[in-house]
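Look at the two complexes coming up: chain A is in both, with chain B in one and chain C in the other.
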Partner chain A sequence: MREVAVLGVGQTKFGELWDRSFREIGIEAGLEALVDAKLSSSDLNALYLGNMASGTLIDQEHIAPLILDYAGLAGRHLPSVRIEGGGASGSLALHQGYLAVASGLYDYVVVGGAEKLTDVPDATASEITSSAADHEWEVVFGATLPALWALLARRHMHQYGTTREQLAQVPVHAHAMAARNPNAHYRNKLTLEQVLGAGPVAEPLGMLDCAPFSDGAAAVVLGPLETARKHTDTPIRIAASEVACDTMALQHREDITTLASTVEAARRAFGRARRAPPDVRVAEIHDGYSISALVALEDLGFVEKGRAGAEFSSGTFGPGGRTVVNPSGGLKAQGRPFGAVGVAQVVEIVRQLRGEAKDRQVPGAALGLTHDVGGTGATSVVHLLERGN
Partner chain B sequence: MSIARFWRETPRRYNLGGSKCSTCSTVYFPPRSVCPHCTSHRQSIEKMMPFQLSGEGEVFSYSVVHEAAEGFEMQVPYVVALVKTVEGPMLTGQVVDVAPEEVRIGLRVHATFRKLREEGKAGVIHYGYKFAPVEEPGEAPAARGPSVPVPKAEAAAKDRATA
Partner chain C sequence: MREVAVLGVGQTKFGELWDRSFREIGIEAGLEALVDAKLSSSDLNALYLGNMASGTLIDQEHIAPLILDYAGLAGRHLPSVRIEGGGASGSLALHQGYLAVASGLYDYVVVGGAEKLTDVPDATASEITSSAADHEWEVVFGATLPALWALLARRHMHQYGTTREQLAQVPVHAHAMAARNPNAHYRNKLTLEQVLGAGPVAEPLGMLDCAPFSDGAAAVVLGPLETARKHTDTPIRIAASEVACDTMALQHREDITTLASTVEAARRAFGRARRAPPDVRVAEIHDGYSISALVALEDLGFVEKGRAGAEFSSGTFGPGGRTVVNPSGGLKAQGRPFGAVGVAQVVEIVRQLRGEAKDRQVPGAALGLTHDVGGTGATSVVHLLERGN
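Here is the complex of A and B:
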């Protein structure tokens, strides 16, 4: 197996991009990544596109050749494939691109993630994205995606004494970080009082505990590490790309305060890279809901089970902390265009490892992690990235 | 949702029909065709037997939902819970016949047959299980419906037949 490097990155602004179409944002991110990698389109071998729900969100399936076409590549008849795994679609696409380059079958591939959520009303977006949960045995009985995460939150509070205030620290942190990210959906600061006082969505979670519905796209170019220096002075090596799955519905898990898929993906990733959680200086983790981030910190091994609420509140994961979490603002504040999230996480980590993150730069970042979740954890994807030598 | 798609699940949604592995005796709901617990789960193929859940259980976790799932808009705020049944499987369902603020982890409940939602004015009406608190001994009987009411669809059909 060959070593794989990220050679280029690109990302659109995240938010309510009413003046831009799905194909426009998809292409913008891809071309930016291609230029960043100093590649021309004739060098490419394949395209992988992460997307959760274009069929219901914009009435368009078969989007992989669509993006390929409008990127001007249809005449080369490249293989272009869409990958779907709920909110984890983007990082699943990255995993496929990684496998293709690692295997030696392809040399250069573009991995994109794109989603257009604001072409439908919020209630429709909520219904569509809740289909990442088990429709027949959860949603039919009145559960939504935030309600399922609320069940997890309530249980975490019950078992470990996690408090409502500790949960509320997560969005406060996210907005503080996103204030320095020009691509972020929300750059306003939030106070604890605002989070606690926001209208309830699914108790104990309120409106400001939940990531927004955003439009956006992100892309990376992958290639073999051995020739990466031809394209960039700072190749970023993919030290691990691991996917793990679990039961579709929350109700079938023995312990709902942990995502076993995340635990397993992290265990495999750290094993493959021969590294441990304390080695990670910067991480982009799933904070679709405030509780998601706390559970992720525990499941990824950054903090002991049940301790994330207290540790997070004490600043362990903030600027200057041991591991800086979600410098982009995460799903909560950078935004949540479902299929684009996992790729955008990698874009941020690559910028951090290259030292190009400007005023949100985490000093001394040499190893970074991304963590992406589909539904309530039926799929988790963990990537470890490090500065190539 | 098409009529067939809901109708084909009625044995489970109306009557809590699950399955039990005849090798390791683990009970599942909804029914499964292979047993995830058996070490070599091939041995469970064609050995999963039908099993009827009693509907008794207790609240394992819950949320008071304010932003409703589709078709539940008229019911907010409503409680969605994970109910751990006495037979083992956990079910997701609403908790009704109790004020949301009185629901707690550990509350003993039993399944009750109710209308879940309707698809607009002319659409299909979905029925299935919800959960209601079990009356503790000595507790005054509350003003609530029978624990296993006649399915409304059948009652309505009977009305039409006799009219």
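Here is the complex of A and C:
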């Protein structure tokens, strides 16, 4: 297999982008990534697009050629493919782009992720979010995605003594980080009291424990590592790209305090890259709900099972900590445009590894990790990225 | 790149499968393909699933792990990914499976395609079908997918003298072929008079010029060609897998009597395989509407531009003809469960190349082609398959 590098990155602001269409934000991110990679569109061989729910959100399927077309590339008849896997759609698209370049069939590939969530009422967006859970076994009985994660939280509290206050530290951290990210949906800081006092969504999770519905797009340009120096002084090598799946419904799992898909994707990724969790200096992880982040830190191997709440509260994953988590602000504060999330995670890590993250730069970051989840963990995707040589 | 072979195939009946769920048909096709490939599920490395519109059709996104789970494979935490590109979703999934094996990252991959279209009212299915066209430039102004193909038909008639009767030969042929296919949605024969006398959908296209809404699933198992003999006496090599895209909206094209995406995908596929259209003995092509098949025959290079109507009527593409087209009955008569179509095309060609197509066997078939289209040709996918050595 050919080694694959990230040559360029781009991202729109995340938030309520009511004045801009799906195609507009898709193009903006893609063109920024292309310019960043010092490539022209005539160098491109294919487009992969991560998107979860354009059919229900904007009455439009078949969106990969739509973006290609609107970018003015229809005349070159490039291949374009949409990839879907719930909230993990963006990372799955990256995995496909990685395979495409690794195979040797394509040299330069744009991987984009885009979602337009705020053009529909919140109740509709909420229903659509839940379509990433098991419709026949969970959703028809009234379980929403936050309700399912709340079950997971309750069990984690029961089994490991995780506290409500420890959960609330997750959004406090997210907003503190996002304050330094000009692309973030929310840049206001939160206090512990605000999180604890917010109205309940599905107890123990309140309004401020749940990532928002956002619009947004992100893109990366991939190419062979061997020629990456032509495009950038700091090629970022994809050291591992691993996908793992699990049961759709929570009730079919032996233990709901862990995402087996994350454990497995991380195990494979670290194995392939011959690295270990302590080597990771900066990570973008799934914090769709406060509990998601704590479980992820455990399942990725950054902390012993059951200890994430205590460790998170003690600052292990904050600025100056051992591994800095979600410098972008994560899903909670940078925002959650489903299909764009996994790609945006890679954009952030690439900027960190290049030393271009400005106010939120993590010093000495040489190896970074991204972790993206669909539903309640039926899909997890882990990428390891490192500065190329 | 590693050479890739089809090791096993499986398919459900296509039709109105009201007593069976999406997951049930998905599993049936996948297991049949696995057994056919003499593989056990423990040999598998990944699942790719082509599906166009599960979000709107069955309120369920994130369907690749759903199928994996229901197949009892969740415990192995295999990667699973859904691929979408309108009606071309199945072929696009095959392209991804092909790249995955070619890259060397995965050895054995199941590529499935599934769609459940008849659980919603026909009007809803019709709206969903049109979501493969350009929503903002076409659909909101009232254009449906058959209306757009009807524009194409009118122009083709005007420009090349194609007649209404020539168009009507397409469904007559499709039903004649499907009569020999036990999996077909429609096995009744049609007369020219019946097609011409059917109620109009979008003139010149009538009810019997349009492929039906069907439920169904199909699957293939892919693996490296070098070890294919362990699994089958007749490995079928993927000689080319090519995707090309074009503008979403018809009005942005220079000439609407041709699908540039098909022309380009075919050019690349024949170039890669170092073969030419006359080498193809059997082909499964897109006949979603009668005009689709005629345009495809021209764009794939089987007949000169403008001549497909006359040639088709003269039997060039019928049993005993130069190239036998759609022995399965095609989309029109075998059925059109969007995401399953492209995979089912490959299932049929593999059976033909293996000499296992029974009543509908095309004698001496050594090279076969599949051609799958999304929308009005924003995506085209062409595969060339041949008996491996």
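The rule is short, and it goes like this: the second predicted complex is superposed on the first by the 389 of 389 C-alpha atoms of A that agree within 3 Å, B and C clash if a C-alpha of one lies under 4 Å from a C-alpha of the other, contacts with A are read in each partner's own complex, and residues count from 1 in each chain.
In this section, contacts are C-beta pairs under 8 Å (C-beta built on N, C-alpha and C of every residue); 3 or more make two chains touch, one makes a residue touch a chain.
None of the values given here were measured: they were computed from a predicted structure.
Chemist: May I ask you to decide whether A:Asp59 touches chain B, chain C, both, or neither, giving the answer as first, second, both or neither?
Modeler: After superposition on chain A, A:Asp59 lies in contact with chain C alone.
Chemist: Considering only touches as defined above, state whether A:His252 meets chain B (first), chain C (second), both or neither.
Modeler: Touch partners of A:His252: chain B and chain C.
Chemist: Just chain B (first), just chain C (second), both, or neither: which does A:Thr144 touch?
Modeler: It touches chain B, and chain C stays clear.
Chemist: Between chain B and chain C, which one contacts more residues of chain A in the superposed model?
Modeler: C
Chemist: Under the stated touch criterion, which partner chain does A:Ser261 make contact with: chain B (first), chain C (second), both, or neither?
Modeler: The second partner, chain C, only.
Chemist: Using the superposition on chain A described above, determine whether A:Arg155 touches chain B (first), chain C (second), both, or neither.
Modeler: So A:Arg155 only meets chain B here.
Chemist: Using the superposition on A, tell me which residues of chain A are in contact with chain B and, in the other complex, with chain C.
Modeler: Shared contact residues on chain A: 127, 136, 139, 249, 252.
Chemist: In the complex, go through chain B and note every residue touching chain A.
Modeler: Of all residues in chain B, those touching chain A are 9, 13, 30, 60-70, 72, 75, 77-78, 80-82, 89-94, 105, 116-117, 126, 128-130.
Chemist: For a test of understanding, state which residues of chain C touch chain A in their complex under the given definition.
Modeler: Those in contact with chain A are residues 1, 21, 46, 52-53, 55-56, 58-62, 64-66, 68-69, 74, 77-86, 92, 95-96, 99-100, 102-105, 127-128, 131-136, 139, 242-249, 252, 260-261, 264-265, 374-375, 378-379.
Chemist: Applying the document's contact rule, which stretches of chain A touch chain B when the two form their complex?
Modeler: Listed in rising order, the residues of chain A that touch chain B are 123, 126-127, 130, 136-144, 146-147, 150-155, 158, 199-205, 249-252, 256.
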